[in-house]
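Structures follow.
Two complexes, one shared chain (subunit A), two partners (subunit B, subunit C).
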Partner chain A sequence: MTTDVRLSGSERVTPLRPAAPVPPKRRARRDWIGYAYLAPALVFYGVFVVVPILQSIQISFYDYNGLSVASWVGLDNYAAVLSDGRLLEALGHSFVFLLFYSVLPVMLGLLLAGLMSRIRIYGLTAFRALLFLPQILSTVVVAVAWRGIYDIDGPINEFLRAIGLGDLARAWIGDFDSALPSVGLVGTWIEYGLCMVLFLAGIAAIDREMYEAARLDGAGAVREFFSLTVPSLRPQIVVAMILTVTFALRNFDIVWNTTRGGPGTSTTVPSVFVYQFAFQSRDIGLASALAIALTVVTLAVVGVVLLLGRERDSKGGRRARRAS
Partner chain B sequence: MTSNAFRSRRPHRVLLAAGVAALAVGLTACAPGSNSAGGAETEEITAEVTPEQVAELGDITLTGWADVAEQGLMEQFIPRFEEEYPNVTVDMQYKSFNDLIATVVNAANSKDAPDVFQGNIGYAVDGALVEAGLVRPLDDVAEVYGWDSDAAAETLAPARWNEDGTRFGSGTLYGMSVITEVQGIYYNKAKLQALGIEVPQSIDELEAALPVAAAAGEQPIMLGNADQYAAMHVYSDIAAAEQDPQDIRDWVFGEEDATFATEGNLAAAERIADWAQQGFFGEGYDGIGNEDAIARFAGGEGVFFVGGSWNGAKLTDAPAPGFGMSALPDGGVGAIASPWHISANSDASPAAIAFLDMLRTPETAQEIVDTGRLPVLLEGVTGDGELESETLAVADATIAAGGQVGYYDWTTTDMFSVMGGALQELMAGRTTAEEFADTVQADWEGTYAG
Partner chain C sequence: MRVARRDSVLSHAVLVLASLIAVYPLATIVVRALGGADGWTLANFAQAWTRGSFASALLSSTVVAVSVVVLTSVVATLAAFAFTFLRVPGAKIILGLLLVGLVLPYEVTVYPLYEMLSGFGLIDTYWALILPQVGLSVPLGVFWMNSFLGTLPMSLVEAAYLDGASRRQVLGSIIAPLARPAIGTMATLVFLFTWNEFLLALVLLPQNEAVQTAPLSLSFFSGAARATDPAVTAAAAVLVAAPIILFYVLLQRRLISGVVDGAVK
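For the complex of A and B:
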């Protein structure tokens, strides 16, 4: 059903070109009207997104404190970013967060969506809304709440003590070994609801006859989940991955409001340093360079996700073609 | 449908190319930040500003930005000021400390900059203000009003800067603070009595009391270090007891060849790590915020709380016997609160000067005490309750002992997080005292060496 997308450019354009060319005048006017409709949004997007991004790129080549005249330093800021060992460590933490902010939520979301679509639950809408709730809460509120949950006298430790595992109790976000995964799990909790809702919508779009066919072929719940539901959800999984990966890599508020990068440097992420460079050191050039570098890393990771998604897609397509 | 989408892609490519070209031109065109508003001429004063001079300004509004912590004081002070100078209306805006330091520099750089405002000691705020010429030099004012010869003259040092705003501690005066902060040992009176411990008067006496408290099943010191700064204060109190405060001051103000790896600092590092390893700070202190820790202490957890005088406000309402504060006469760092500045572009500078003058008077000092803070001018002020009086005594003792050396984290713009994080590692037993000192000194050298 999506084979046309994979055709090469020349194959695509030739047969689809309309027989009679549209008069140029009319076409120009129609384009103009289209842009007029877009204009309010475009202006907004330009002023608040495009211009600041371009300014950041510009400032990243300067030594600039936000007040005095900036001086051109070429790639010095980028050299400083690349040679700062703290930033490499922070990037490492970000990649650990990919597991917690992206991989785990997608897996949990798939599991929950699979369950919800198969089992008839009374009050399903209410459950769905509840599970989606973390996504709409302010992350500052979430961070403060989790700080209480992870507290040395918080519910997790109380529970551990109650069942005789008091030795495991610790200040979860104040302990060098547990801080990073603990902060990561907050991200899992925020993101799985979004993934679940995306996947539920995707499942609703799968042809019911496919399930019938699968069941006639003798597929059980597990087989049906892995052979039909998951492959059919590929586009939704890619979207969920892109959203959660970006969230993981630019994550600042959760880390800042739970640990500030501590204890020691065990939960630092690049965006914590962007904040410190810009607002504490007033080294706006360096902050911009780091932000741009982070954007490039994010785009690269998202690119890999897209590539992986597409590769599997074409394999599936080939199989489908062979079968027909 | 697809065909139209396809054809319109070509113009997009052209647009994109044009955009890239425009970007390349823009990048090399003009440097950002060339429209700085600073650099107005200053009219120096040679005599005190008179009410007549202020009256000559006509009906004016003196605009200001202040830390919200000053609001209580300002609400008493401003009506008194407006009575003295009836043609002046003060319009003061209050910001939380974090909002203030994040935005005050840009506000000072705007066309309608406030006439008077609070900055913050160190390079990120005051240094930027000085470098950009946004604040009025105050040497003439200090001389005329005798600030540089009164009892608190030494507290002006952190507001003195060299010309390009790269070193502070001496040089031209650019700000003035009337509020100070001291460190001390808060103690739970009932628990000391029950444990039979005398009020500790030094770090050594405190150290001797810790195992006694621990043996009785109490948490000796309440600490909340999730924000990474509470332990820094405990550390600096120990460090100040281990060496001549002057050594710390030299390092804080970036004297040449100063080093953090002094015997005193290393001994203090070993001591605080030892305290932490023995469990004197309890468990999980890195997971508790300072605000939570002081609330727990107020609620009766822990025997001691080592920290700054700003924590006292949470302890004053406790039922008897309540809490006391003990000085660290052999140490105990402290520093002034955010200094007040006059905008270099103020068109009401006589009124602004009168405002700062009136802040530094005994009447205002009493108002500062009455609103729960510590004035730099301590002579003649009296505290309301027992804890307030004790805190005043602590401030007196600390200033007399020369312990007001400032804070370690003033040294560089990121020392707060570098030292805060390194101290957490040290206390968790992950690094040695030497490694801790190396990390801190490396950051210091990044700013001061060469």
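For the complex of A and C:
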């Protein structure tokens, strides 16, 4: 293996390894100096991620308003998280958002992938670029655009009036009944393109001969979809689920910039309460307990996704999960 | 054959529809921003630009995003090099802890970060946003570079060691040049995330308008102006989106194939 390693002979100064022919498999030496290479990343991660998390855990056991001395309250904040109706409602909204931000986009993506698996796609690059667009826009821009779409005089209501269903017109995100699914659909819009792009790439990697074989065996479109396309896309599905699930559970930006959690508390989510408790009502202990609970829920849901993705993993996924 | 043909037309129609829906919301704000009392106009953009001080906001976003991208690229590449090619004791555990950061809801870090950066006297400065965002981007950066470096053969490095190269030389003259495309994709992703970050900006740059980023300015602006002037708000949103869209048009091909290939590794 001689690539263009441009190291002149004069640079042979301090060989790191004994020059004696060491079999490349056995690398006994522990490289403590390697920590110097890890250090900058670990300092940033440690100081600005790990330490704040530990502090959040600590604060979550205190009654603290950011000004006066904090007083120890044990698990009271957690008890409050589990018993406060508003917070449980917010957590319920998060699970509704999981449907809109994750389950629905993944299903739409799979449906499209199923349609596309049977044909040759023209203009794939252009379609991908358009489908991916919602991912790159600032969530604040997205929120401004969708507030306009949902507006009482917006295009949805204009359309309803035009086809004689004007009675259904409403301020979609200002109405108690429609606000939650309306905000949810914004998430569906952000994520479905990502899922489609991931899955389209996945089916492009499936051997065409498998489809021909399936068809020769007389498999119809539906059968082909469930027994070939979906199993082959397992690694992509897992990635799509993880990306969309974490986005759904975070979801501060969209809610904050469309409804601020309203009307009433009909669209609020835990991360909005975390912000409000920490920076507006200054109940920082409760904010921290809620943030920790949100973290635990997120890790648990991601864990479930990984577990499900692995469990039925026979041949489809193994290949892609490169050992290294 | 006829059936296959019909399938193809139908499938492409669905694809076109899906793409149109993806673009539609953006199109609505462009149209609203250009709309005036009598025909097309740029007046809304001019108003948004001056009233919302978006020149300063776009500059702030650029300063923050470029700083975060440069710092993250350097520290993540160094770390991934160590994880992949150096026998660092305990590397597996450290890497595992780093990768948890990929799925962490960073709401959990926000209040302590606010107190910490207040303590440093950095709230309402660029640093308040740059430093934590490097920390939060490190997991993605390391994950990304690890997956790429993992595809390089170990023998490449071992040959260089036998030739007497130091770690620095191996990284600088062998690994870094090979990794340039992967670093490019990672930098693009980190740039997008950083540019669009909202919650941290809201919390860490609350008072100083001079350093507020574009999404934050837009959020304040649309909160205040929306009721009175939807067209100017739409123009402001287009102004905030424009640089990112331009960036995307230039880089989308590499970005998307990078994401698609990298995500599944």
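We adopt the following convention: the second predicted complex is superposed on the first by the 261 of 324 C-alpha atoms of A that agree within 3 Å, B and C clash if a C-alpha of one lies under 4 Å from a C-alpha of the other, contacts with A are read in each partner's own complex, and residues count from 1 in each chain.
As a working rule, contacts are C-beta pairs under 8 Å (C-beta built on N, C-alpha and C of every residue); 3 or more make two chains touch, one makes a residue touch a chain.
In this text the structure is predicted, and so the values were computed from the model without any measurement.
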item: Partner chain in contact with A:Pro181 - subunit B first, subunit C second, else both or neither; value: neither
item: Which of subunit B and subunit C A:Leu198 touches, first, second, both or neither; value: second
item: Touching partner for A:Phe61 - first (subunit B), second (subunit C), both, neither; value: first
item: Touched partner set for A:Gly309, first subunit B, second subunit C, both or neither; value: neither
item: Partner chain in contact with A:Arg118 - subunit B first, subunit C second, else both or neither; value: second
item: Partner chain in contact with A:Asp31 - subunit B first, subunit C second, else both or neither; value: both
item: First, second, both or neither for A:Gln236, with subunit B first and subunit C second; value: second
item: Touched subunit A residues, subunit B compared with subunit C; value: C
item: First, second, both or neither for A:Ala171, with subunit B first and subunit C second; value: first
item: Subunit C-contacting residues of subunit A that also contact subunit B; value: 12-13, 16-17, 31, 55, 59, 66, 147, 151, 279
item: Residues of subunit B that touch subunit A when the two form their complex; value: 2-3, 6, 8, 23, 26-27, 31-34, 36, 38, 102, 105-106, 109, 123-124, 128, 131-132, 134, 225-228, 283-289, 413-414, 416-417, 420-422, 424-425, 428, 430
item: Of subunit C, residues touching subunit A in the complex; value: 4, 7-8, 10-12, 14-16, 18-19, 21-23, 25-26, 28-29, 32, 71, 74-76, 78-79, 81-83, 86-89, 91, 94, 97-98, 100-101, 103-116, 131-132, 134-136, 138-139, 141-142, 147, 150-151, 153-156, 158-167, 169, 171, 173-174, 192, 195-196, 198-199, 202-203, 214-216, 218-219, 222, 226, 230, 233-234, 236-237, 240-241, 244-245, 248, 252-253, 255-257, 259-261, 263-265
item: Contact footprint of subunit C on subunit A as seen in their complex; value: 1-3, 5-7, 11-17, 19, 24, 27, 29-35, 37-38, 40-42, 44-53, 55-56, 59, 66, 108, 112, 115-116, 118-122, 125-134, 136-149, 151, 155, 189, 192-193, 196-198, 201-202, 235-236, 239, 242-243, 246, 249-250, 252-253, 256-257, 270-271, 274-275, 278-279, 284, 287-288, 291-292, 294-295, 298-299, 302, 320, 322, 324
item: Touching residues (chain side subunit A, partner subunit B) in the complex; value: 4, 12-13, 16-18, 31, 54-55, 57-59, 61-62, 64-72, 147, 150-152, 170-176, 259-265, 276, 279-283
